[in-house]
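Two complexes, one shared chain (subunit A), two partners (subunit B, subunit C).
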Partner chain A sequence: MATDSKRTGTIPRHAMAGEGPPPGRWSRLLDPGDTALAVVLLAPAALLLSLVVLYPIGRLVYTSFTDLALTSGAPAAFVGIENYLWMLDDDTFWQTTFNTILITLITVPGALVVGLGMALLANLPFKRKWPVRLSLLIPWALPLSFAGLIFAWFFHSEYGVVNDVLRRLGFEGIIWFNSPRWAMAAICLTIIWKTSSFMALIILAGLQTIPRSLYEAADVDGAGRWRQFIEITLPLLKPAIAVALIFRTITALQTFDIPYMMTRGGPGSSTATLAMYIHQNTVSFLDLGYGSALAVVMFAISMIFTALYLRMIRTRG
Partner chain B sequence: MSNAASADRPLLGFSLSGRPLRAIAALVLLVNGLFPAIWILLTSLKSEPELTRRPITYLPEDPTLQNFVVAFSDQPLHLFLFNSFMVATLSTIATLFVSTLAAYAIARLNLRYRDLILAAIIAISTFPLVTLLVPLFEIMRALGLLNTWAALVIPYTVLSLPVCTLVLAAFFEGVPKDLENAAMIDGCTRVGALFRVIVPLSAPGVFTAAILAFVNAWDEFLLALSFNSNPALRTLPVGIQLYQGEFNFPWPVISAALVVGIVPLAILIVLFQDRVVSGLMTGGVKG
Partner chain C sequence: MASRPLFPPSAVDLNREAVLATVSLRRLGKSYGAVEVVKAIDCEINDGEFVVLVGPSGCGKSTTLRMIAGLEPISSGEVRIGERLVNALPPRERDVAMVFQDYALYPHKTVYENMAFSLRMRGTPKDEIRPRVAEAAAMLGIEALLERRPSQLSGGQRQRVAMGRAIVRRPQVFLFDEPLSNLDAKLRGQVRAEIKKLHQTIGTTTVYVTHDQVEAMTMADRIVIMRDGSIEQDGTPDELYNQPASTFVAGFIGAPAMNFVDVTIENGHARLSSGERLPLGPRYGSVATKAEGKAAILGIRPEHFQPAERSSQRLSGTVQIVEPLGSDTLVHLEIAGGTLTARLPPEARPSVGETIEVGIDADKPHLFDVETGRALV
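This part shows the complex of A and B:
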């Protein structure tokens, strides 16, 4: 399989290179070779990425093998894998990792389903498009930290609008942020609200690329609406959905702003995420060695997902 | 233009295209999208006594702008706004420049490692910002950039670089090669053709990339919280934190500050919504 695709990949490239018009001498002067030009064009991006991503990751990995702490004046000593061994016995590490995975497993499919529904609604033939557009763009543009604060106010036990609606419907108000489960539910609902509109925008873009003729042909064949949705719409949406899922899963694994704003991880550390625990270890406890080891684990998890998605994009075309 | 029959041909796969259903769909989307912002606006217009009353009021009984006055006088909100605006604008300009060059290389040049570069871009767009907290802090301290806009502008430029590069590359691929060749025959260099032909023809893509970058920077909280200890340099998401006392949570004032932070974004989105959405759509077509 792999060799087949490689072969079909190389043959046209040779053929195309042969077909091109021979470059004149003057144009070659003004037009450096692809490789030279590519190096120049990609250099600024590569420089920035080295400074802000690659070098810091190297430093991070190094720090994770030391006991660097800003609380003691002592210089950092190399401690091998001690930080990683410590993690195995650290309940808070397991708890925050579990919370992060739970948030990812709830909010990614949640945002996909809600976003798909919103995209289908937004794709109706409205006469005026702008109100619908605006309603998808505003949640997308709203800062995560703002969304966290606004929804913390929504879920306020005394004066929040959510409990007000519950009371009007005859239910008891819920003290959302005193119970681990309800606090987690409030956080997940907020994240789904915040992220589903981005899903919807991407899926909407995918919907609008589906040619109408496919549905007309399916009509002729006598396929019902639901079958058309299952057999035409969904398969053709797969690339758009895959792209949307990439961004969503990876950002879900990094969840910080919304739980930080809504609960600060409480009660206890029942809604704290791994990102919040890393932040706490580095900024509050100033334990940079352990914080770095936690960060390496998070980096590894997110790279696994990245690799999965890269493979998915490639195989699905 | 379109007759009834074609208007009733939904792309959905199932029929939900009647006029009442359209109205319900629009209502659902509008309430979902705008209610939180509208609710925080209503909250900001209420007085503290009205806010701490049950059952809660929906519309403010006695609308007041006092909360906005307090929001600006309790904390330097105008500075938070200014800092957010400058950091977002500077990083957007930097991202656009760097990602335009990179996107052209990806879209137009016969790169040997194109797939690898694309994979690297996606991989880099996924790195968790929180993991870079400590090393970036040390780098910024070594460069003497802590407590400057640059400490945020540089990471934010990188933050938006992958997505902007992908969006721009998708648009650049859509520009017919003939137009670029024509410009080069007229004496443009390749880079000249990039900035005189391809970038202008990809204006929706450039706008999309710019807005993505601006919103990313406006939104960022963690690095802003960590790299600028000087209150005069705080951005909005960090500054809004400062209204909370240890035991009190002045919701009306926080709401007013939130409204102040949302208004610029809302203006941006209302003005450029056409371009953002059509940009995202075209990106979807090309991508």
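This part shows the complex of A and C:
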């Protein structure tokens, strides 16, 4: 401020505060005095974030351009985009990426539909609310690997409850984990079961922000239950659904635990996901350079999906 | 907004069908478990009448309205609209329109879509919806707002849109649930006049719920005062003001509220605890004789007081507070151990602490039973 007034030879800005238009939010932020204060106040948070977010990402990207492998014992050498070029010819990479996107495209809409239904159900005026809420919370609170394990048993070809029910209904049992398609189906069903309660919780929160008087007005206006759902509930749930979709999509792209526990990616690599492939390269093969390059690709895919959603929300808003 | 004519003559014709839109409440009751919130009330609302249900919070007035609308299941008794028993009918089949306290406008729809919604839900052809919405919008002066969303409107504009949504349907009965409570005082007075004018224009049977006695007095053809789930009194604004059936009604209607003083009846006089005596006018005749020697409550409205020189009947009291309103002056006086409010001419400016005399119109005050609070005349 002092240098500012010296240079221009005018009265410092704060002295004129009473005159002229009131300074907007931005001009106040750009005031040198305020900027310094803002920097000081933001510094600790910025530093912490850089340390735990920016640095690891930077390090990951750097590693992806090296041949760092813990098996060789040799120091890492810079190899440029070699890891990325290698990926182009790597069938397992394409297979696992395809599987990941397939799982995302099936389980995200699936969980949305099931979660919406569950939320609508939970929003009904039950006398006792806690059993309903609890049944929503349990699948969500269950560890992913635990859910994978339980469902691996559900789909067990001999002892599983699914085949038992199928046989009682007169169908033949399915050897779920022997066929790529059935294995993928079992995994997707499990993921939908596990994640729809998260969708339901977010949508339920959205449902509860819709005032009851809107439904009463619609009742008087002549809209039946279905029209009320289409005309009021769905449009007013859009923001909640968008948030739920963003979170769910990002976690779907990172799917690891459930297929790992149910099939270990098999048969072959027909149900392996990109996250599992990264895990295999870095943890099993200790090939950190290639693993990092795969992780960068996964990061990029996540960012693309997120950007798409954000754009969708913005145009709707 | 204020100077705009709300009801251009061209918009008056609403093609009302020739059905008698009466509303009958017969032994209508509502209980939640053991709690009885509406206690078997009876009320007949005539075709075209503007009836205000008024009472303090929790008296059952809104519940009664919601039972008429069909938004609240009926526990006992009947609701009939135009002689049709509607107890079991859902709201949409009752041919009523309602204006909610929070307006309940659909936030994601434009004003036009909000107003057209009920017609669309009832399958009205598109080319009929547009002129009807335009007509209602013209009546309310909101033509310029049709493409806006509720979030872009002021409180008064939202209120108007809520009314527009109701009148566009041409229902048999309008139901208003405290529609002015979210408006500031100035706007409230303005919209109050507009609703009254709207009713005079289209003449639809209206049931209006409020806790504000000013709204009740200014708008109603007939006021139904409720208390603890029962009807305390049912009558025209004048009847309620001039012949309140109980201390409750007397204290509720009129602002500032009626003053109540404990008295004893003696030789056709009401004796205050201070020993001062007020003669009871001729209209108390037999009551004064029957209640001889008994305690009673004397109800004096602030406007029953006059400057001392205008009346031979006087009370003296110590001035506690002086409230000049411009149009008149409210003086709080300590009389017979209680505080009474007197409405005196604007030039009256007694000083605080001074003991003054005020006159009383001897035939105006009301007498109530000490135990039941019911009026003795």
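Rule of thumb we're sticking to: the second predicted complex is superposed on the first by the 260 of 317 C-alpha atoms of A that agree within 3 Å, B and C clash if a C-alpha of one lies under 4 Å from a C-alpha of the other, contacts with A are read in each partner's own complex, and residues count from 1 in each chain.
By our rule, a contact is a pair of C-beta atoms (placed from the backbone, for glycine too) under 8 Å apart; a residue touches a chain by one contact, two chains touch by 3 or more.
Predicted model, so just to flag it, every value in this text is computed and none were measured.
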Touching partner for A:Val53 - first (subunit B), second (subunit C), both, neither: first
Partner chain(s) touched by A:Phe93 [first = subunit B, second = subunit C, both, neither]: neither
Partner chain(s) touched by A:Gly222 [first = subunit B, second = subunit C, both, neither]: second
Which partner reaches more residues of subunit A (counting touched residues only), subunit B or subunit C: B
Partner chain in contact with A:Phe65 - subunit B first, subunit C second, else both or neither: neither
Partner chain in contact with A:Ser213 - subunit B first, subunit C second, else both or neither: second
Which superposed partner A:Ile232 touches (first subunit B, second subunit C, both, neither): both
Contacts of A:Trp176 with subunit B and subunit C, given as first, second, both or neither: neither
Partner chain(s) touched by A:Tyr290 [first = subunit B, second = subunit C, both, neither]: neither
Doubly contacted subunit A residues - partners subunit C and subunit B: 216, 232
Subunit B residues touching subunit A - in the complex, by the definition given at the top: 2, 7-17, 21-22, 25-26, 28-30, 32-34, 36-37, 39-40, 43, 51-56, 97-99, 101-102, 104-105, 109-112, 117, 119, 122-136, 138-139, 154-155, 157-158, 161, 165, 184, 189-191, 215, 218-219, 221-222, 226, 236-237, 240, 251, 254-255, 258, 261-262, 265-266, 268-270, 273-274, 276-277, 280-281, 283-285, 287
In the complex, subunit A residues that touch subunit C: 211, 213-214, 216-224, 227, 231-232, 235-236
Touching residues (chain side subunit C, partner subunit A) in the complex: 69-71, 90-92, 96-98, 100-102, 104-108, 117-118, 121-122, 165, 169
Of subunit A, residues touching subunit B in the complex: 27, 30-32, 34-35, 37-38, 40-42, 44-45, 48-49, 51-53, 55-57, 59-60, 63, 118, 120-126, 130-147, 149-151, 153-154, 156, 158-159, 161, 164, 167-168, 193, 197, 201-202, 204-210, 212, 215-216, 225-226, 228-230, 232-233, 240, 243, 246, 250, 253-254, 256-257, 260, 275, 278-279, 282-283, 288, 291-292, 295-296, 298-299, 302-303, 305-306, 309-310, 313
